[in-house]
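Order of writing sets the chain letters: A, B and C. Residues in each chain are counted from 1.
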Amino acid sequence: MALHPDRLFPSDPATRAVARRLYHTIATLPIISPHGHTEPRWYSENAPFPDPATLFVKPDHYIFRMLYSQGISLESLGISRRDGQDVETDSRKIWRIFARHFHLFRGTPTRLWFEQSLEDLFGITERLNEDNADRLYDVIADHLGQDAFRPRALYERFNLEAIATTDSALSDLENHAALRASGWQGRVVPTYRPDFTVDPAREGFAANVAQLTAMTGEAMTWQGYLSAHRQRRAFFISMGATATDHGHPTAQTADLPQTDAAVLFTRIIAGQGSAAEAELFRAQMLTEMARMSIEDGLVMQLHPGSFRNHNPLVFRDFGPDMGADIPSSTDYVRALKPLLDAVGNDPHLTLILFTLDETSYGRELAPLAGHYPCLRLGPPWWFFDSPEGMKRFREIATETAGFANTVGFNDDTRAYLSIPARHDMARRVDCAFLAGLVVQHRLNEDEAQAIAQDLAYNLAKKAYKL
Amino acid sequence: MALHPDRLFPSDPATRAVARRLYHTIATLPIISPHGHTEPRWYSENAPFPDPATLFVKPDHYIFRMLYSQGISLESLGISRRDGQDVETDSRKIWRIFARHFHLFRGTPTRLWFEQSLEDLFGITERLNEDNADRLYDVIADHLGQDAFRPRALYERFNLEAIATTDSALSDLENHAALRASGWQGRVVPTYRPDFTVDPAREGFAANVAQLTAMTGEAMTWQGYLSAHRQRRAFFISMGATATDHGHPTAQTADLPQTDAAVLFTRIIAGQGSAAEAELFRAQMLTEMARMSIEDGLVMQLHPGSFRNHNPLVFRDFGPDMGADIPSSTDYVRALKPLLDAVGNDPHLTLILFTLDETSYGRELAPLAGHYPCLRLGPPWWFFDSPEGMKRFREIATETAGFANTVGFNDDTRAYLSIPARHDMARRVDCAFLAGLVVQHRLNEDEAQAIAQDLAYNLAKKAYKL
Amino acid sequence: MALHPDRLFPSDPATRAVARRLYHTIATLPIISPHGHTEPRWYSENAPFPDPATLFVKPDHYIFRMLYSQGISLESLGISRRDGQDVETDSRKIWRIFARHFHLFRGTPTRLWFEQSLEDLFGITERLNEDNADRLYDVIADHLGQDAFRPRALYERFNLEAIATTDSALSDLENHAALRASGWQGRVVPTYRPDFTVDPAREGFAANVAQLTAMTGEAMTWQGYLSAHRQRRAFFISMGATATDHGHPTAQTADLPQTDAAVLFTRIIAGQGSAAEAELFRAQMLTEMARMSIEDGLVMQLHPGSFRNHNPLVFRDFGPDMGADIPSSTDYVRALKPLLDAVGNDPHLTLILFTLDETSYGRELAPLAGHYPCLRLGPPWWFFDSPEGMKRFREIATETAGFANTVGFNDDTRAYLSIPARHDMARRVDCAFLAGLVVQHRLNEDEAQAIAQDLAYNLAKKAYKL
């Protein structure tokens, strides 16, 4: 199973040769990770990672959703239940279940990320299965105990130049503060994620807003609420943040008169808002956040279109983020118009759009990003962060939006050990795509090389101001 | 025109070599045909098939829709008119029209199925055209008269292991009964298709429900109606059925309180239901059928999204299934939620989803099937049962749902003679896809071989309990 | 940068060899350009084209939208402002901006069209950049001054057999008349585009209708209005027109009773129509135009689904057609039904459908065109008139609709000098697609050759009656 040096490259010899050459020029570039979900605590505490199951299986919804779909209970995988009922606690048993069903991941990116991590980090070149499960468990566990496998050492080993975490607007960023105080040179920056204080449909919304205004000394009014966000953003910026992130059910934006927005805020806070008013409030807040970005320079990211917690049984027993979020059809053309009408031509705004609806690439997103100065296209997200997904994105978006309206790669992961494998996959797939253009004489190889550098490094650094 | 042994394989030599090796290991596996539209009478009566035009042209809506689109009247193809007006009855003349326009099928799967059938069954290696039409007609007609070309002999020649027909819930399954009584060893099983007794928009719905309850001795009440379905399902199971099939305009499901459902049933039967109530009734019945499947073990198939009888002139003159059914945009994420909320985590349910809206593969179906234990993805259906359609399905669905959440191939055909060609096409296209993964080092060849076996045989057998 | 003879062909040697052979048989066929936006005045006046910037940059929304998306002002590109404020008038400076940002077009069809035009017409084999900008400007400017670069000479050099312009229903076609009177043998025909007299949402609609009825001596009534259109269509036919073209926000059609349509007309003209009534009026007019086409033989083209003038700031300052039109989700199955119910089976109608929503290719358009005798599929349009866009169209549409239900290529351009490059791209991409079918043994090479001829020449000539 040892990793093939030409993996993910087309097999046609002419194209493969070009892909290889392109890849060779970018393979070892530093990694910019401008959007992800690693824990700031890891870097500040720099404690060893726990056992293989706790590291690879329990926190990875790509893995346990597939196992669940084939009839394996979440309890048996050690996923905590909200009601405190017992779940499997023996990590070795959890690991064996994963090993026994590892074949389910054939053809998925999870398989590729996992195997590359195992080989690169632990020297494992065997395919995981029921028979070698215990042995590989021990190999991995032994490594994890070593200092070279602590978070900071891995940061350096991974050749990370900067990595962003995603942090609640209410966070005091204590781990980020501790990290900065520690003198360690790694660049770990927070990202302002205000969803829990912006989305009336989230549990505890009113309490969150109360906390937000209280911690900033602002009044619980529309203006106070906006000022509170401004203060929190300034605090995040002081801690290194360069971006915000917004996870919304839809891409709907609004630009209400401020007096109407104030009335809406009052109704929402009083718990009188309908579902439509909650949507309108979220929509309005995207435009407000865009205006704040113009003021303070934070790059704005929009991740819309996930139907969260689709499975009520799983939500009841295990909570959110349990592999039961499902994409749904997402409109951008009409939804973004109020925001774009207000600020779409402002050169100080960068709004990076993501999608879970691939039909929007060609029909909406590439045409929008190929026109509006503020818009950029984020890389393929979530279910589409995969070789075929990345290939489709480039094939569909490039002819209209070019490369300069895209922003390189996001690993978007909490699976820290897979970060190099994820960036490597993106670099390989992009080189394969570019090689295809070269051998079809649609691009010269020197240009493809320049673009490969942009996609692997420059664009992310520039778009995210890192 | 003799069939090329490498047809449908990529031309890149490395990929082709792998595809060939994979295909070689599965080419002669028995055929499982778990969903289709052959006539049970064929097997029970075992009479010779009629002439070439009646066999190949008149019953095949793929063929006559293309001819009609280019200005050829359905009458000239011998399609019966509802008003009894004359249509062409000379099969040879109909065949000549088909031959003269055979070029229209270039680039379509119909062309490939047809030519493979002609070569494999009749030894014909010429391309059909106006000049050889009569001669080929005679060759085919001669063969059809031989015993070796009767339905049962073909079943054996085709290496069929099991084939399912699709049968009205009201059917007495007399041909299935006769077949079982005959002592013949072929396995031909019915499938429970209740649409005509479940969909208030179908002609004769109330009469059908009356017949359903009468034939089971149940009352014409909501509970009697459900019991009648349970009885009929039990009868189908006793005759070998392992599955139900549901052809609905949308994928909408509902889970009303039983008292509300009873009221809705009463209104619908009284002819007082609106179009919205008809939709709600169909939606409710999908959930009821899912619950019955949990009890009795029948695998459930959902085929939604066809706008039936789009052309009123064709419908008036020729009736349904005349090539005028058009796919339309289909939502699954919201539509299936009531059913999934009710029974989506039940390990005893298998619900196989089909689609005519390819945008749902990546956005909705693969994510749903990659999470819910009850869900499986049916193969590309109808317009997408084609080399490019199958390729897109694998490219888009595999990275999220893997292979184990798919169910192998359905030929879904009434064109009995094309069954081996259809399964062969699917096997070839799947091997081509797998070979692509192998040469890109995304999968090892031993794994690809195991998957090829699953896709060609094991998955269908397991998913459909055949 | 000299153009590679194998550009746009797959790199696999077997496929490339077939593509080359196919292309060789069609490369020099005459060009039929049945839909486009060149100016009739160019042909009638036959004046030299102006400088390079005015020719290549200022009128091309593909070019300036990309530049604008990267922060370059439209004023600096010499795009006129509606308020008369100064914009850049120095063509050389505009050209330098374009040259400096030429790298933005990597991977886009604009790049390919531009470079092929430069090499074929001006012998330029350098890649445009900041350093050679002035020199290349001079080379082009020198050529443009020569008689061989005047519109009529280029028509002949381009091997055009016929080219259609697009003309307002209100146009007196004076340039077309002058051209016919001139004795020049080129075939430049008008196309009847009635949008400004059919769409109540367009500025000046009522005045346009008043002008339409006045110029035809008809009453300002529903019947007078329809008669006026009939008269204008007859006039266009007398000037050589063979087609109409309809650019609508949606594909909605309607078939109201004539009395209702008359009432609707009255309300609309009186300015009392709602947005929904405007949509209904446009919808009704598509069916009326289809009926007129059955009478007078004009081929009907429908271009729906563009959200026009999405950016209000750009619209206010620069007007329409400024690169701010964005595709949106488009339904055909339900939208076209009223028209198809009325006239869909009439052999005298040809309705060519275009789309900006690629999801409709497989789900709606190919199934519709593969059934209805009147329907044909137009080539990939606008954002999808590109190598990948054309490839997707063939891959998705062919298996259901075949080739005969498509109509060859439209260059759809006002960039006259790019016409040969655009047709060449389409021919190459089609040959590449056909070669893929041949090497996969899905089509014989003699058939592929016949189809290549159809796609490059015959189908356009036949469908558009040119």
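One rule holds for everything that comes next: contacts are C-beta pairs under 8 Å (C-beta built on N, C-alpha and C of every residue); 3 or more make two chains touch, one makes a residue touch a chain.
This one's a predicted model, so the numbers in the text were calculated from it and none came from an experiment.
In terms of inter-chain touching, the protein chains here all touch one another pairwise.
Of all residue numbers seen at the chain A-chain B contact, under half occur in both copies; the interface is built from largely non-matching residues.
Averaged C-alpha coordinates give centres for chain A and chain B that are 40 Å from one another. Across the assembly, chain C contributes residues 12, 359 that each touch 2 or more other chains. Against chain B, the residues of chain A that register as touching in their complex are 1, 3-4, 6-12, 65-66, 68-71, 103-109, 112, 127, 307, 310-314, 323-324, 326-329, 356-359, 383-384, 386-389. Residues 12, 14-15, 331, 333-334, 337, 340-341, 344-345, 347, 359, 362-364, 366-373, 375, 395-396, 398-405, 436-437, 439-444, 447, 450-451 of chain B touch chain A in their complex.
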